[in-house]
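Residue numbering begins at 1 within each chain, and the chains themselves are lettered A, B and C in the order written.
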Amino acid sequence: MYYIDLAVTGVSFGCMYAMMAVGLTLVYGLLRILHVAHAAVFALGAYMTVVVANATGSVGAGFLAAIVIAPLFGMATYRMLYEPLLSYRPDVPMIASVGLLVLMQDAFRIVFGEQGVTFRNNIYGFTTFDVFGVTVNAVQIAIVVSAVVIFLGLHLFTTRTRIGIGWRATVSRPKIAASFGIDSIKVRYLNFAIGSALAAVAGGLVALLNNLVDPVIGYVVSYKALAIIVLGGLGSVRGTLIASLALGLVESYGTIFIGKWLDRDAIAFLALIALLMIRPQGFAGTRAA
Amino acid sequence: MSAYEISLLSVIGINVILAVSLNMISGFCGQISLGHGAFYGAGAYAAALAMIGTGNVLVALISATLAGSLLGIVVGFASLRVRTDFLAVTTIGVNFLFIGMVRKQGWLGGEMGISGIPGSGLGADGNMVMILLFAAATIALSLYIGRSWMGFAFRAVGEDEDTAATLGINVAAYKLAAFGIGTALAGLAGGLYTFFTQFITADAFDFILSVMLMAMVVIGGIGSTWGVVVAAIGLTLLPEAIRFVNDYRLLVFGGLLVLVIRLAPGGFAALARTVAIRMSRP
Amino acid sequence: MTAVLQLDDVAIRFGGVRAVDGVTFFVDSGDFVGLIGPNGAGKTTLIRIVAGVLRANRGRIALAGHDVTDESTASRVRKGLALTHQVVRPFREMSVLDNVVLAAGYRHTSSPLRAALHTDRRHESERAAEILAQVGLAGTERKLAGALPLGQMKRLEVARALAVDPRVMLLDEPLAGLNQAEAAKQVETIAAVNARGITVVLVEHNLEEVMRSCRRLIVLNNGRVIGDGAPRTVMSDPVVHDAYVGTGASAHVEN
C-alpha cells in the first residue's frame, strides 16, 4: 500500500513538473535560452491564484487570473530581457534570467510577506478520497486530470489547427518555417504565453495542494525543471513529459534509499549532473547543445 | 576601530577574495560558475574540522585551500564536458549537492552546523589584518595573471576554445588551471571566514550567495580585476549604508544584475573605459 | 626524406556513409598542394581529420614522421601543423595585433605553468607586426579583429597560421567569399608563404586560382583519391572530368 501511495505522489508530482517544465523546454527549443526565470512565472501563478481566490471567494477566479497574468509576464520577459540579448552567447541571457528570478522571489517576499499566503477557504486541498485503500487528495487528482487534458489539448492544437502547426514547425525548424511565411515573432510570443500559462496552472495547483505559497516556492522547482528538460532532451516536449514523470517517481521512491545521504531535492541535481557528464546531449533526440 | 568597523572590513576582505577568484574562472577564462559558494563552503568546513582537530591555524588554512581546489578541479573536469550555460547549470547543481549533502552529515554538524570553533588566537583585529593581507595578495595575483601569458591564453579559451586550440593552446589544461586557482582562493576565503565567525552553517554557502558573487563580477565588469574589487566593496557596503537596501538585498542585487546585463554588459569597468576614452578626446 | 604530412588509409563513416574511404597520400616538404573535388567529395571531412577535430575510424596520420593520429588539435599545432578555417574565426574582442601575438607566443603558452611565469610580449609583438606586414595588413594592428572586412579577416587567419612557425599549413577554402581581386591577392600571399619553404595544402572550389598556383593537385570523389599529380595532367584526366561534370559542380573546368 505504501508503495502505491508513493506512486500516487510520484505521478502527481510528475504531472506538475511536466506542466512547469514544458514551458522551459519550449523556450529553449525556440531561442536556445535557459529561461530560469520561468520559475518566477510559476510562483506568480501560484500567488495570483491564492490572492484572487481569497479576494473573490472563488478558486476558479484565482486560476483565471493566473492564466491571464502569467503569460503577460512571460511575454514581457521575452521582449524586455531576452530579445535584446539574443546575439550574445547563451550564458548571458541565462545569468540575466537568474537575476530576474532572484529579484522576483524577493519581490514576492516583500509584497506578500516572509510567511507566504494561504487560502482562506481551501476545500479541495483537504478533500481526500479512498481509492482501493489508498488515500488520494482531490488536488492530486486535479493535477493529473489537468495535465492529461492540457497536454491532449496541446497535441490537438499543434496537429489540427493552423496556428498550432505553424508554431510546432517554428519550434523545431525555425529557418524553414520562416521561409514558409510563418511569422517567427508571433510564434515567440505564443511560445512564452502558452508556456507561462501552463506554469501558472501548475503553480495554482501546487498552492492548493500545499495550501501555502511562500517566497521560495519557485527556486526548487526551477532547478528540477532544468534537470528535466536536459534529461528529456532539450526542445522535446514528449521527452520532457516522460522525464517529468520519471523524476516524480524517482524522487518519491528514491527518498527511501538515498534520504539518509541527500536532501530529496538534491536527487534531481545528482541525476542532472550525472547525465550531463555521461551524455551531454541528453537522451531523446535533441538539438545541438 | 570599533568592533563593527573591524567586522565590516573583514567581510569586505573576504568578499573581495571571493569575487576576484570567481573573476579568474568566469571573467578571465570565460567558464561560467554559478556555484562558487560550494568551494567557499568546502574550505570553511575543512578549516573548521582542522581547527577542532589540531588547533593549528596554518594547517587549517592549508586544508581550506586544498579542500576548495580539490572540489574545484573535479568541477573543472566537468567544464571539459559541458560549456557555457550547461556548465552554469552544472555548477548550480554542484552548489545544491554540496549543501544537500553537508546538511545530512552528522559529523559536519547537520542542519545545526559547526559551532564553537577554536579562534585563531589573533583576536578580531588580528583576523581582519590577516584577511586584508590575503585580499591584497589575491588582487596582486589576479593582476599579475591578467598581465601574463596565462591570462592571455585564458582570454582566448574564454572567447573561443576551438580557435584557441588552433594556436596550440591546450584548452583542457587551462580550464583546469583556472578552476584550480580560483577555487583554491575561494577555499582560502572559507578558512578565513571560519576564523572570523567561529560558527558555520551550510546556508552561508548557498546558491543565493553564488548569485551575489556573480553579480559582483558582472557589475564590476567581467574580466576586470579592479572593476570587480570596486563592485565587491560597493555591494558589500551598500546594504550597510542604506537600510532600504539591506531589507531588499536580493531585490537590489537581482535588479542590478538584470540592469547591468541588459544595458551595460561590460559592467562598470567597460563604462569607466568608455568615459575615459570620451574624456580624453579633445 | 620524410614526408611532412602523411596519410595512410584514412577512413571514416557517419551512419551508413563512408565520407572518407581509404585515403592515402603524402606531401613533401615545400609542396604546394590543392585538394579539390566536387561537393560532398569528403574534402572538408578529410581536412577536419587531419586537423584533429574529427577522429578517423581507420588509418594513420603523421606529421614530419611523428604519428599524430590520436593527438589533439593543439598538440598537432605544436608539431608543425597550422590551420585556417573556411568560416573565419578571429578573436573578435582582441586587437588584430593581439590575435597574432598570441599565436606567436605558442612557446610560452605550451602549458599553464609556463604561461604563468612569463609576462613579456615585446619579442612576440615585433614578430607579429612583421607578419602582419607580410600579409598586407600593416596599419590595422590596433583595430578590433571583429571589425575587419572579410578579405582582411582571411589574411589575419593566414597571419596567425604563420605565427606558429608551421611546417605545413592547411587552408580550408581560403578564397571563399572573396571577389576576384581579393582572391588573387590572397593567392599571392599564400604563394609567398610557400616560397619561403612552408608546405601548403589548400582545399578550394575556385579552380581557376588553384590551377594557376598549385604545383600539385589531389582530387577527391566519394571519399577516395581519384587523381594526384600536376594540375594540367590531373584536370585532363577523363575520370576527374566525369566526377565534376557528372555531379554538376558549379566550378568550371578549364582544359
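Annotations for the structure displayed:
Definition applied: a contact is a pair of C-beta atoms (placed from the backbone, for glycine too) under 8 Å apart; a residue touches a chain by one contact, two chains touch by 3 or more.
Note that the structure is predicted; figures quoted are calculated from it, not measured.
Counting only contacts among the remaining chains, removing subunit A from consideration leaves everything joined as one piece.
The chain with its Cα centre farthest from the Cα centre of subunit A is C.
Among all pairs of chains, A-B has the largest number of C-beta pairs in contact. Centroids of subunit B and subunit C (each the mean of its C-alpha atoms) stand 42 Å apart. Subunit A and subunit B have centres, each the mean of its CA atoms, that are 31 Å apart.
Chain geometry summary: the mean Cα position of subunit A and that of subunit C are 48 Å apart.
The set of subunit A residues touching two or more other chains is empty. Within subunit C, not a single residue touches two or more of the remaining chains. Contacts with at least two other chains are made by no residue of subunit B. By the touch criterion given at the top, residues 34, 80-81, 84-85, 88-92, 94-96, 98-107, 109-110, 219, 223, 226-227, 230, 260-263, 265-266, 269-270, 272-273, 276-277, 280, 289 of subunit A touch subunit B in their complex. Taken together, the subunit B residues at the contact with subunit A in this complex read 32, 34, 78, 81-90, 92-94, 96-97, 99-101, 103-104, 207-208, 211, 214-215, 218, 247-251, 253-258, 261-262, 265.
Interface residues of subunit C, counted against subunit B in their complex, comprise 51, 53, 72-75, 77-78, 82-83, 85, 89-94, 98, 102-103, 105-106, 108-112, 114-119, 121, 160, 164. Within the complex, the subunit B residues that touch subunit C are 144-145, 147-150, 152-153, 155-156, 159-160, 162-171, 173-174, 176-177.
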